[in-house]
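Quick one: the structure is below, and I'll ask about it shortly.
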Amino acid sequence: MTEERLTARCLSKKTKYILSAAAIIAVLALVWVLEQNIPPTSSWSMLFTVIKKGAIYSLVVVSMNLLNGFTGLFSLGQAGFMLIGAYAYAIFAIPVEAKDSVYQYYEPLIGFSVPEMLTNAMGGAGTVGGTLGEYLGVIILMLFAGLVTAGIAFLIGLPVLRLKSDYLAIASLGFAEIIRTIFQWDGLGSVTNGSNLLRKFPTFSSSLFPLIVSGLCIAIIVLLINSSYGRAFKAIRDDEIAAEAMGVNLFKHKQLSFVISSFFTGIGGAMLAMFQATVNATPFTSNMTYELLLIVVIGGIGSVTGSVIGSFLFIACSEWWLRFLDEGQFLGMDADFMRPGFRKVVFALIIICIVLFYSRGIMGTREFSWDGVFNFFRTLPTRLVAFFKALPGRLVAFFKALPGRIVKFFKTLPSRISGKVKKLTGKTKNSKNNHINNTDKREEAQ
Amino acid sequence: MSKENVLRVSDITMQFGGVVAVDDLSLEVNKGEIIGLIGPNGAGKTTAFNVITGVYAPTNGAVALNGEVIVENHPQGKMKNLYKGKNDGKYKDVKVLTPDKITKLGVARTFQNIRLYKGMTVFENVLVAMHMNLESGIFGATFRSGKAKREEAQMREDAMNLLRMFDLEKNKDDLATSLPYGKQRHLEIARALATKPKLLLLDEPAAGMNPQESAELMRLVERIRDEFDLSVLMIEHHMQVVMGICERIYVLDYGALIAQGNPEEIQNNPRVIEAYLGVDD
Amino acid sequence: MKKKVALLLALVMVFSMFAVGCGGGGDDAEYAGTVKIGVFEPASGDNGPGGKQEALGVQYANYVQPTVEIGGETYKVELVEADNESDNGKAVTAATNLVSSGVSIVLGSYGSAVSIAAGDVFKDAGMPAMGITCTNPQVTKGNDVYFRICFLDPFQGTVLANYAWDNGMRKAYCLSKLGDDYSVGLANFFMQAFKAKGGAVVYEQFPDKNSDFTGYVANAKKQGCDVFFSPVSIEAAVLIIDQAQAQKLGMPILAGDTWDSNKVAEAAKGTDVEIIVTTFYQEGGNAQFDEGIKAWMEEDSTALKNNGGNTDLAAVTAMGYDAYFVALEAIKAAGSTDPADVLAALPNVEYDGVCGKVVFGENGDAVRDVAYVKKCNNETGKWEFLAEQRVEE
Amino acid sequence: MELLSKWLPYILAGISVGGQYALIAIGYTMVYGILRLINFAHGDMFMIAGLMAVYLATALPLYITLPLVLVLTVMLGCTIEVVAYRPLRTAPRMSIMISAIGVSYFLQNLALYATGGLAQTYPKIEWLARTVNVFGASTKMVTLVTPVLVIVLVVALVMLIKYTKIGMAMRAVSRDFETSQLMGIDINRVITVTFVIGSFLAAIGSILYFTNYTGIMPTSGGMPGLKAFVAAVFGGIGSIPGAVIGAFVIGICENLIKGANLTTFSDAFTFVLLIIILMVKPTGLFGEKNIDKV
């Protein structure tokens, strides 16, 4: 019996590969079919906004999770790195004849456009080769954006990664703000167009593009996490001192994680630029980083699957599903309190609830696996049957006990409120362990 | 007794400000030996470990591994005035290796207050310790190059062997922290062995164990020494364990070495008895 | 405990989804159908106050004329508003949202930056868009679907520069906001024109979310300028006036159309700060419109609040009113609610509005050659008409 | 003399804004000293205090409004502590920090909803807002009042911490959380008092700050909050005099930079300063070396 269960539980590696490939193809095909059939004026076209932005955010959030969740580095520089990626892409992608209208007040310094050059080199606009060339140029530039971001991250990492937890957070936040200012500076106007919009660079129109790019990048991150290096990162997260004692070079591995995370953040930034069709530095504030961090938490710190689910949920809620809260109607009635901004209040409340009551997030540290899915469905019938069998009894018991409970609730309310304070004092004892844990070597001296 | 020297700690003083945690400590470990480091609580034993493994830079003194100096320091800056040791001026060089470098040179340790990687499985805990010997770069490892695949397979096999030796293979996929206390101690040793050390530092390996478990541990330590061809330096409070397997014992009190010798000598040393039991006036 | 909270949350979500479903219904039977007009305006952020005033004009126009005749049948006009939050990033999704809600034409936005940022969304969807007071040339340039009914910054900048020069000002302090295409653009065109005349300029920019203008006012004083040119948002305007008063700026403040707002006038009330602006419309230019909208605002408390608590008119409100009627004309001319038809009909629409005649010329920009110069009366806190300014080509 | 008259307006502005940062920074530094928590919501509480004054002043006279604002802000601060931080006492530090970010997000959005995204104008406190002349430079009265008030409050606070029983308890808790608990100190009481003091000072800071810069937006708390936090780090987090000095340094430098026509960099400079100090002296000006252990 147990033997049989064990074999039933695990699918073979080959099956998993086939399933994954089939799932990916199915999703991409579905998106493609939907895109062909849903006109932009349909209310369902918001779906594509969610897919595009969700895919981009997934990549950025997963790279943030690599840093915060897998390496335990509390870095808050994400928005700054996205900004670098976005600019690195945009500056070199603006077609030559559009430069004058984009750089209205400056003499553009970069006199070429990579996608354009490749389009011309491979057969000119309109031809098959030209189109391929443009794609190639875009891909090259996205890699370039990642590399530039990684390079700058390397330099920032040199001083910043020697700092500990909170100091690291605040220093990286500071660097992000400095980056933002530099990119807005008039003096660099001939490259960055000062604080003004960069636009007219090639963008994508199909949701497949960000899906595929983000998917590939996330796959690479997952491979990394599952490699020996990923284990070293996790060891640093769990216990820096023990990691170092087992021969893990702390600085080198922190730097690796930081640079790789920034590389993918840069690519994410480039895609965000393409999604928005314009870039300027203003929106890349610390609030953007906080938003990303909240998504990491909602998904689960230390879960790639969670980050991806969290991103799509977050984007769908904030851009689409909760919009009705702003529109002044509730169940068909006019509701005065539902004016613009109400959506965000509700949204913020939901987030606080998640942080307070589900600090492990949607996935905790678990990951998606075919075994998990199959086991879920395999055991579903039995569990459902059990649930419904037990339901009448439980309902009866519940309603029987209800009056007594309500009375008890109000009777004990005063004493519980006064008792709460004491209880919390007792609890704090354990907390101290977490409190100091990975902070100082000194504490374990004696 | 012309045994090959593995570890030589010379004149180590460790001060935190004006507080002397280790006072002018010298000790030696030779190849294949099991050496005990004992002393009352707060005597500076763990601090000595921390100096040897590079967690702290000593205020003065040197540590040599296989004849090669890995740590050397002398009082500098503010410490010049605060230094209370005797050997001022004897050490000129400053050499402070980070713990990971020292581990690479062949010193592995366990921790008094078990420091396993909480979020990782038993198997992964051991694999991490093998990471430092990985030759593939990050690209190879990520994209699973042929070499990386071979290395990974080798690592997994070695790790399984280690787990088997410590009777942990059934717990392979459990979270490290879900293990019972005694097994966590074993896992820490297994993890330390995974770094392929020449010298193993055990910080109270028998803490919290009953006599039977302690006895098993003794046999295990001896077996490790023989099978892995290494030397062991251990801090231990269980006199049964220390006296049972250690060839030589160093006794620390208030940071300073008060006695050394074989178990018998130590047991009869009046200063040791005094340190442990106090004196009647 | 946790499970219960989870269940509760899930219930709320499900409930909400139903609310969405139910909220959508309710077509009135008396009309042949509904035509939707998108209002793409900031309701929050820096340009929130201006965006709200501009949207007021559209809302009032919708109140005056809630139906439109298309092909002999009466259609109800419904406004769909989307808040772009004065943020270039949010502008894109707000615009997508408008497009996806099935509007026939989009009006807005106040603030050029968001219009530029969202331009491509409209372009890709083939959705006609009509800028009301976004004056930066880049809004319509190279974008076939974006039109506008106001004048442009090169024109406004020149008007302001001429005014400054003609009034004996020789050195100008220019202040714009980082990343705000409107203020940066207008400041640049002003400087070009002012320098061409032989004037000197000092140029500075302040960062996003800045509320400390002490240094900027002090700099203008230190440099010995004759005029303080700051075509920035209303939010910043109020703070600048406050600092100018505290530090005794001692020079007139010159600004563009954004400052033509009762909020600004109110801030200047009781101070001795001299403020001069150029704008699209002069209150009293069309008595019928003025009275009508004032009466409407008196009745509608939300509208009154959005206008800043009193019924003084901003030029952008009048422009919003005109824009709505231009849009109706276009829909009538198209004879359909399909955005593509409206887009085809739009270039040829002509309309005589309260702010003058709207005829679309090159790039889809309205042909405008008049700006009104107004000055703030510090005692009454009202705008007073000063001059009509044209530019000799 | 000419040099002075040229730079005086900037220095005055710097002292004034520095004092206001100081009042916020004390809240940060005290909370951090005790809970090891960067209270990201502190800056937003400062903004909410401003908004409360705006709304209360429409119905009540100023002499009732202002004390009421102080009381309500203190209550808000304690509520945040009880609702968002206290349940997480046993959770890892990152959770509580994220909870703080969540609260900050909530307060900002609540303000956005309440104001409809429009900037509110702070009620004019005649005495503080009137223009005065200092050595030829015109400025608001609040510029002169701020540094004096800050010094008075800081002295009072230091006395409180040094000489009262609760002050002693606070010092003990910030030194060693666990031991002081074993010694019978009521941790929650100490934390509540910390939040009371922090919120109270933030409320006073908000009165001074918004009298100086009269526009309040939902995001108004962000930058001053961040700068005040940098000031706290600069002075050595946990140290009250350090936070005050750090705040004045940042306020003055920031305005001098504006005076040097580098206005674009006035915000970024704060962070440059932060990074320099973290590189050179990671524990800040007056920070203790093994601060992490506390």
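As written, the chains take the letters A, B, C and D, and residue 1 is the first residue of each chain.
Just so we're on the same page, a contact is a pair of C-beta atoms (placed from the backbone, for glycine too) under 8 Å apart; a residue touches a chain by one contact, two chains touch by 3 or more.
All figures in this text were calculated on a predicted structure; none of them were measured in a lab.
Student: Taking contact as defined at the start, I'd like the list of chains shared as neighbours by chain A and chain D.
Tutor: C
Student: Please identify which chain has its centre, taken as the mean of its CA atoms, farthest from the centre of chain A.
Tutor: B
Student: Point out which chain occupies the most central position, where each centre is the mean of Cα atoms.
Tutor: If we average C-alpha coordinates per chain, A lands closest to the whole-structure average.
Student: From the mean C-alpha coordinate of chain A to that of chain B, what's the distance rounded to whole Å?
Tutor: Centre separation, chain A to chain B: 41 Å.
Student: Distance from the CA centroid of chain A to that of chain C, rounded to the nearest Å?
Tutor: Distance between chain centres: 35 Å.
Student: Can you work out the whole-Å distance between the CA centroids of chain B and chain C?
Tutor: Chain centroid spacing, chain B to chain C, equals 72 Å.
Student: For chain B and chain D, let me know how many angstrom lie between their CA-based centres, rounded off.
Tutor: The answer is 48 Å.
Student: Touching at least two other chains at once: which residues of chain B meet that condition?
Tutor: none
Student: Specify, in ascending order, the residues of chain A that touch 2 or more different other chains.
Tutor: 181, 184, 186, 285, 340-341, 442
Student: Two-or-more-chain contact residues of chain D, please, as numbers and ranges.
Tutor: In chain D, the residues touching two or more other chains are 112, 116-117, 219, 222, 264, 267.
Student: All pairs of touching chains?
Tutor: A-B, A-C, A-D, C-D
Student: Would you mind writing out the residues of chain D in touch with chain A in their complex?
Tutor: Residues 32, 36, 38, 40, 84, 86-95, 97-99, 101-106, 108-110, 112-113, 116-117, 177-178, 181, 186-188, 219, 222, 226, 229-230, 233, 264-265, 267-268, 270-272, 274-275, 278-279, 282, 290, 292-293 of chain D touch chain A in their complex.
Student: In the complex formed with chain A, which residues of chain B make contact?
Tutor: The contact residues of chain B facing chain A are 16, 21, 42, 44, 46-47, 50, 53, 55-56, 98-101, 103-104, 108-109, 111-113, 115-120, 124, 127-134, 136, 138, 141-144, 148, 151-152, 155, 191-192, 194-195.
Student: Using the touch definition up top, name the residues of chain A that touch chain B in the complex.
Tutor: Where chain A meets chain B, its residues are 220, 223-224, 227-229, 231-232, 234-235, 237-239, 241-250, 256, 260, 302, 365, 441-442, 444-446.
Student: Report the residues of chain A in contact with chain C in the complex, numbered from low to high.
Tutor: Within the complex, chain A touches chain C at residues 40-46, 49, 53, 98, 101, 104-105, 181, 184, 186, 194-197, 199-200, 203, 205, 275-278, 280-283, 285, 319-327, 329-332, 340-341, 350, 353, 357-358.
Student: For chain A, which residues count as touching chain D in their complex?
Tutor: So the residues of chain A touching chain D come out as 68, 74, 159-160, 163-167, 169-171, 173-175, 177-178, 180-182, 184-186, 285-287, 290-291, 293-294, 297, 301, 339-342, 344-345, 347-349, 351-352, 355-356, 359, 421, 424-425, 427-432, 434-436, 439-440, 442-443.
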